[in-house]
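What follows is chain A paired twice: with chain B in the first complex and chain C in the second.
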Partner chain A sequence: MVVGKSVPRVDGYEKVTGRAMFTADLAPGNCLVAKVYHASIANGRVTAIDTSQAEQIEGVVKVVTFQDVPKISYPTPGHPWSVETAHQDRADRRLLTGRIRYYGDDIAAVVAENEVAASRALRAIKVTYEEYEPCINPREAMKGTKPPVQEECPDNILAKSEYEIGSADQALAQAAIVVEGKYETSIVQHCHIEPPVSYAYMDKGRIVVVTSTQIPHIVKRVIGQALGIPWGQVRVIKPYIGGGFGNKQDVLYEPLNAFLTTQVGGRPVKLELTREETFANTRTRHKIYYDLKMGLDAQGHIVARDMLAVSNQGGYASHGHAIAANGATSWRHLYQVPNVRARAYTVYTNTPVGGAMRGYGIPQYAFAAEAITDDAAVKAGMDPYDFRMENIQKGYFADPWLKPIAANTNGVAECMEKGAAYIQWKEKRKKYAGQTGNIRRGVGMAIFSYKTGVWPISLEIAGARMVLQQDGSVTLMVGATEIGQGADTVFTQMTAETLNISMEKIHIQTVQDTDVTPFDTGAYASRQTFVTGTAVRECAEKLKEKILEYAKELLWERRRALQTSARETEEVPGADGGTAPDSASWLPADLCDGCIVNAAGDVLLALEELAQESYYSLRHSSAITAEVSEQVKKNSLSFGATFAEIEVDIALGKIRVLDIINVHDSGRLINPRLARMQVHGGMSMGLGYGLAEQLLLDEKTGRVLNGNLLDYKLPTMMDTPDLTAGFVELEDPVGPYGNKALGEPPAISPAPALRNALLHATGVAVNEIPLSPQRLIAAFEKAGLLSASVGNGSEGKKEDGADV
Partner chain B sequence: MPEQMKMIQCVVNGRKETLCVDVRESLLDMLRNRLGLTSVKKGCEVGECGACTVILDGETIDSCIYLAAWADGREITTLEGLLGPNGELTRIQEAFLEEGAVQCGFCTPGFILSAEVLLRRGEKLSREMIRKHMAGNLCRCTGYENIVNAVEKVNRERNE
Partner chain C sequence: MYDLEGYWEAGTVEEAVQLLEDHPAAKIICGGSDVLIKIREGKLAGTGLVSIRGIPLLQKVTLKENGDLYIGAAMTFSHLTSHPLIRRLVPVLGEAVDQVGGPQVRNIGTIGGNICNGAVSADSAPTVFSLECRLRIEGKAGVRFSDMKSFYLGPGRVNLAQGEVLTHIVVPREKYEGYAGHYIKYSMRNAMDIATLSCSTVCKIDLKKNVLEDVKMTFGVAAAVPLRVPKTEEALKGQPLREELYGLAAGLVRQEINPRDSWRASRAFRLQIGGEIAARSLREAVLRARAQEEVRLRGPKQQEKVQIEAEQTGQQQEIMQPESDQHRKEVR
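Let's turn to the complex of A and B:
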């Protein structure tokens, strides 16, 4: 049994020795260098562009502008393509543009012999603009702008969606308690440490793009679409990748890079973004504004929930409304609510583009939803834990319309119990109640549900291929991508488990090449262990069947040969040739520990021996391989909870996290250590989201103000407390080997748990994140805490950090 | 020789190198492009992320904001230089594997070199000291928890 064990990562040695080769490490030495000319306005039109001086600079090979690129608009999100026109992603982007939709939009590109020449050429390009007033707030933009951000959407509303179960208005009118709140999140960025980078060249008339992406097969399709060429003319290779978190689940500059190589005779061209470009010109997490209402009956049961969400898309559609819609769908899960309404809008503005980021709309949604849940508990006079326990959906439930999205196992209550026990919830809620003074402590919690894959909203397909090598080892190829999460390790474990051979004998190919690796849509959602895991299991079962089939043939032949020679020496072992019951012991029944065994478990043959026969037998040679392309029409909700204990310095507006735990119901863990690592990373991202991270825009110009790792407050080691991960392992009945979503969920609930801990510590409800000192000082001032606490701040009992 | 080029001599991973470098060239670019030492990663190019950390005369530096020309007469170690002759890992590399301190692996070379220099001091380290010393290396995958654990483990072993 290797599934369920904390085996080491299969790529560990390569990574701790620095031998793992990432895209930039592989670029050939003779690569030309490409750089992009970005707009210095947020809204307008290029009226003139002069590249003549840039072209004269020594070392410049080519300058292309928006006037030179194909007049084709294409979509960029990492979604499976829809063959139904109505469901296709919005195609609103060109390789380069003269219509500027956000500060930094791509107008031109230069290709040069070296970095210096490319940078000089950018500075020599002269552009004149016709400027329009930029609009960076979606609630303003949806009233209409002149001109609209995208001509196809005159009211700037990219999409809206609405549903209602029961009657929210009626139930709210009749509710004993009504709670209302406005909640806002911030624009944040993925900050993978490897910036997006690709290099492209031509080979036998085709375009090859090597790129740091989560979605090689989708990049291939989108390059084909963007350049207007057959998709088979494109080959995409994904080496090791230095983090993605959803930013690289979008097609970024690969199509432009592909176009540029065609403009320089197929010579290799490298396009590597700076950190500043990564912030401003790739994707961000949407800022979403929520207006929420909740109605309770006199006993504290939720009777109605109403949501209005407005999501800031930025200048291009990217993943678009799918983000806000995902939160709206979650609004009808997790809690028992008879009347639910959600209305969600996604609105174009002149800001950097919103895309996918770990949790796909649910971190935004959960901040708002779990904040109002605490507000409701306070108003009902109930402990937030008891309030949730009373109102959560227990046991099996399914989405009313999207039936496969179901709680096939539901461990949310156990996650809450485990988290509360760890943080000593009851004791600390009591201990920290009614504090005064400058330093105060609090405990807070938040819970979530999260779907594993995208079915049935979108397609789920995965592929796997296995080849039995001559020595009995197995080569494994998947189209899904290892991006640091440990996918290659768990696929290796699954294969070893089903084939019952040691992990060392499984060789997984970590590089995806769309010419070679099976089709799979890539690393996104929290799908890989579940969806690609299904394909891996199917493939291993198929390979096993073929091995046993060949074993039967081989053993039969050997037996026959033995009988023939025995007959010659008159020592006949079985006159029937081996089909009689007494001789069934020769029949292969299973694989065990690298051997073929009979039903009784006796070893008949080593896998290695069989493998060599299969390659070189003069009687019947045929290398044993298996391949599956599996559509997965399943999904499962996973669950979890965060519990946090914080200390607030009111005068400084500063929160210190004293203790934090995430407890997850992600089904059965394939590799517990990798699972804990995944949880740590998500918690840290959630802490950054809750406390510090925020991409700031100049309100007048729409320019990014802090697009670097110094001013954008990415958590450092010193900002990050010790992180504790807990699990409730319920075996999911539909997920392969019992697993369900774990990749994104850890990032969801820390931010609202911190906000709710702050509410407990201070009584102040802060409804926007990050909970930065500036914001807290303003909130404490408004609540009248600050003048009072500054006056008697020294009276705060600092030794235990809290006044009880 | 063109004006912007300079001849330098330095020791990189124990080997004497004589190189003709551009005076505008970063040590990061020199190590990657001229010597093929691709464990040295480019994450920000302005000394914010620590992915390009190398050991220079026993101290860690961000090689992206250190000119190649300044390396004249100095001794540099990259992650490639830590391995034993038969590919043996140093203790801190093993501990990164044991503790699960590696995910995407892009920031890992910088972290290991920072940890190596810290551990060479030989002093007993608290978790806070580890955090303070290594705060110049950014990681987005791990939440740092297991990186601190790995450094703490090796430090504890050496101080027992």
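Let's turn to the complex of A and C:
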């Protein structure tokens, strides 16, 4: 049994020794270099562009502008394509544009012999603009701008959605306690280590793009769409990638690069973004504004919840309204509330583009929802833990509309119990009540639920192929992608588990090549272990069936040969070898430890021997392979909780995290150590989201102010406390190995837990993240906390009036 | 790939001066942690570079016979932090430069480069100001000395002509002897960050009278250049060493510094933090001065001996002849 074991990563040694090859490592030596010319305004139109000087620079091969690219608008999100026109993603982007929609929009591109020549050429391009007033706030943009950001949306509203269960207004009017709040999140960026990078070339008239992506098969389709060529003319190859976190679940510069190689006779062209471009010109996590209301009865039961969400999309649709809508869906899960209403808007503005990022709208939503949950508990005079325990959905529940989304297993209460015990919730809530002085401590918590994959909102399909090699080992190919999360390792474990052979005998192919690997939509939505896992299991079962079938044939043949020779020497064991009950022991029943065994578990044949026969038998040779392409119409909610203890230095506006734990119900863990690592990574992202990170824009110009890793305060190891991960392992009935989502969930609940801990420590409710020092100082000043003491970094040092 | 016109390495200061004369558009490079970034950003693209990183004279810390401390401009931050003379005589400086970026940057970045880059956030600058260091600069016309205030002209601008090389940061004996200091870097991260605001306090106490005898306080990022606060310093001098001292310091500083609103931090925020870190750095500096004084009063003989002896580190310390005032040529 290898599922459930903390086996080492199958790619671990390659990665730590530097042997693993990433896109930039693979680019050929003669690769040309492409760079993009970005707009220096946020809203307007190019009235003239002069590239003549750039073309003169030594080493410059080609300059293309928005005037040279196909007049085709295409969609970019990494969603499965919809065959129904009404559900297709918004096609609002061109390879290059003369209509500038955000600061940094792509106007032209340069291809040169080397980076220096390309950079010099960029500086030599002259552009004149007609400028319009930029609008960076979606609530303003909703009132309409002239011209609209995207011409097809005159009111700038990309999409809106709403639903109501019961009557929220009526229930709020009758509620004993009503809590209201405005909550806001910030734009943040994924900050994967490897920047988006691709190289493209032509081979026999087709375009080949090697790229750092989470979604190779989707990239192939979008390149075809963007260039207006048959999709089969495009081949996409995905090597190891250095992180994506959703930014690479979008088609970024691959279509432009595919176009550029066609402009230089198919020579290889590399397009690697700088960190600054990654911040400004790829995707970000949407900033969402929430107006929330909650009504309670006199006993502290939630009777109504009402949400208005306005999401800042930026200049292009990308994943669009799916993000805000995901939060609106979550609003009706997790807590038992008879009256629920949600209205969500996604609005175009002149800002960098919002897209997918780990948690897909739920980190924003959960911050707001779990903040108001604590505010409501405070107002009701209840402990936030007790308040939640009283109001959560326990056991099975299902989404009223999106079937089959359901809590097939629900461990949220156990997650809360485990987390509270770890942090010593009751003791510390009491201990830290009513503190004075400059240094104060508090504990806070937050919970969440999260879907596994995207069904039924979107398609779920995965593919796997297995080949029994000549020595009895198995090669495994999937279309799903290893992006650092450990997918290759868990697929290997699953295959080894179902085939019951050792992991060393399973060889997974890590590179996805759309010409070769089975179709799968890729790494996103915490789907692969669940959806691709289902395909892997099906494929392994199919392969096993074929192996047993071949074994039966082989063993029957051998037995017959034995009987024939025995009869010749008059030592016949039985008249009929096939049907006599006492002789069924020769029948292959299962695979065990790399051998074929009978029903009693006795070894009949080594898999190695069978494999060799299957390739070279003169009587019947046929290599044993299996392939599945599986649509998965299942979904299971996963759950979790964060508990955090913090220390606040009021005069400096700083929060120190003393202890933090995430407890997850993700069903059965395929690899507990990898699961822990996944939780640590997500918690670290959640800490940055809650405390430090925000992409700042100039209000007047829309320019990104801090688009680099010095000014964008991504936490370092020195800022990160020890992280603790806990699990509640319930066997999920619909997951292929009892498992459900774990990829994104760890990033969801740390931010609201920290905000609620701050509320406990200081009594100050801060409703915007990050809880940055400047924001805290302003809030403490307002609350009158700043005069508490001066010049004291720690308690116990000060004695007023005494000598020091 | 960097856009460079040329790269020349100097073996001596004279060579560096000559190379800079020969290539009037070239910039000095030492550690490169500022210069290479500017080239990458395109600000200095196509520049030539004269490297002074191979000049042995600039990589030493030397105690002159008169007690002045000469710090070679090409000393890396990490070497400076661990240097015995720095640790013994001006530990606050070693601690300050130990807060630059991360280990990799501290292994290549130099104190001279930090000062000549002219950034108001430079971690060495507030302490170098508070210690009232002098800068030894060599050029075609000879050697000149400059104080810090006249060297820092504005953000990213310093008073160093083409053809001039900063060779040493000099801490005069009377500026460190009997003083203790503490530097606080207030930044958003605990590593890999620049200061949002910083404060270096250097002080001397009179233990018998229990008063603050002398204090020098300098802020980074509170103005366009590192900012001394003379009014605060004057008001604090002679104050009794009591808890009230720190509240007083915070209040005075908030009156005196004049930070601006920017996207990095608001004025109101900087005023709050400025007062607070002033109070905290003063508190720590006083604690250190007290400990130092107590040691001095306990064993004066021992203390003197240590002061005069060159540090025994297993390597020979080079003792340079002091450049007396008559050798100092002011070239402008």
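Here are a few things to note about the model shown:
Convention: the second predicted complex is superposed on the first by the 786 of 804 C-alpha atoms of A that agree within 3 Å, B and C clash if a C-alpha of one lies under 4 Å from a C-alpha of the other, contacts with A are read in each partner's own complex, and residues count from 1 in each chain.
What we mean here is this: a contact is a pair of C-beta atoms (placed from the backbone, for glycine too) under 8 Å apart; a residue touches a chain by one contact, two chains touch by 3 or more.
Model, not experiment: these values are computed from the prediction.
Residue contacts after overlaying the shared chain place A:Asp250 against neither chain B nor chain C. After superposition on the shared chain, chain A has more residues touched by B, the comparison being chain B against chain C. Of the two partner chains, chain B is the only one that A:Ile241 touches; chain C does not reach it.
In the superposition on chain A, A:Ala778 makes contact with chain C only, while chain B stays out of contact range.
Look at A:Glu538: by the touch rule set out above, it reaches neither chain B nor chain C.
Looking at the shared chain after the overlay, A:Gly486 reaches chain B, while chain C stays out of its contact range.
Shared-chain residue A:Met717: touches chain B and chain C both. Contacts of A:Asp375 after superposition: neither chain B nor chain C is touched. Of the two partner chains placed by the overlay, only chain C lies in contact with A:Leu652; chain B stays clear of it. Shared contact residues of chain A with chain B and chain C: 116, 709-710, 716-718.
Of all residues in chain B, only 24, 32-33, 38-46, 48-49, 51, 78-80, 83, 87, 89, 93, 96-98, 100, 102-109, 112, 127, 130-132, 134-148 touch chain A in the complex they form. Across the complex, chain C meets chain A through its residues 1-3, 42, 45, 102, 186, 188-194, 196, 210, 241-247, 249-250, 263-266, 268-269, 272-273, 275-277, 279-280, 282-283, 286-287.
Contacts from chain A toward chain B in the complex involve residues 6, 8-9, 11-22, 24-25, 29, 116, 190-195, 240-243, 245, 272, 274-275, 483-486, 673-674, 676-677, 680-685, 708-710, 714, 716-718, 720, 722-723. Listed in rising order, the residues of chain A touching chain C in the complex are 114-116, 119-120, 123, 651-653, 692, 696, 698, 705-706, 709-711, 713, 715-719, 772-774, 777-778, 781, 786, 790-793, 798-804.
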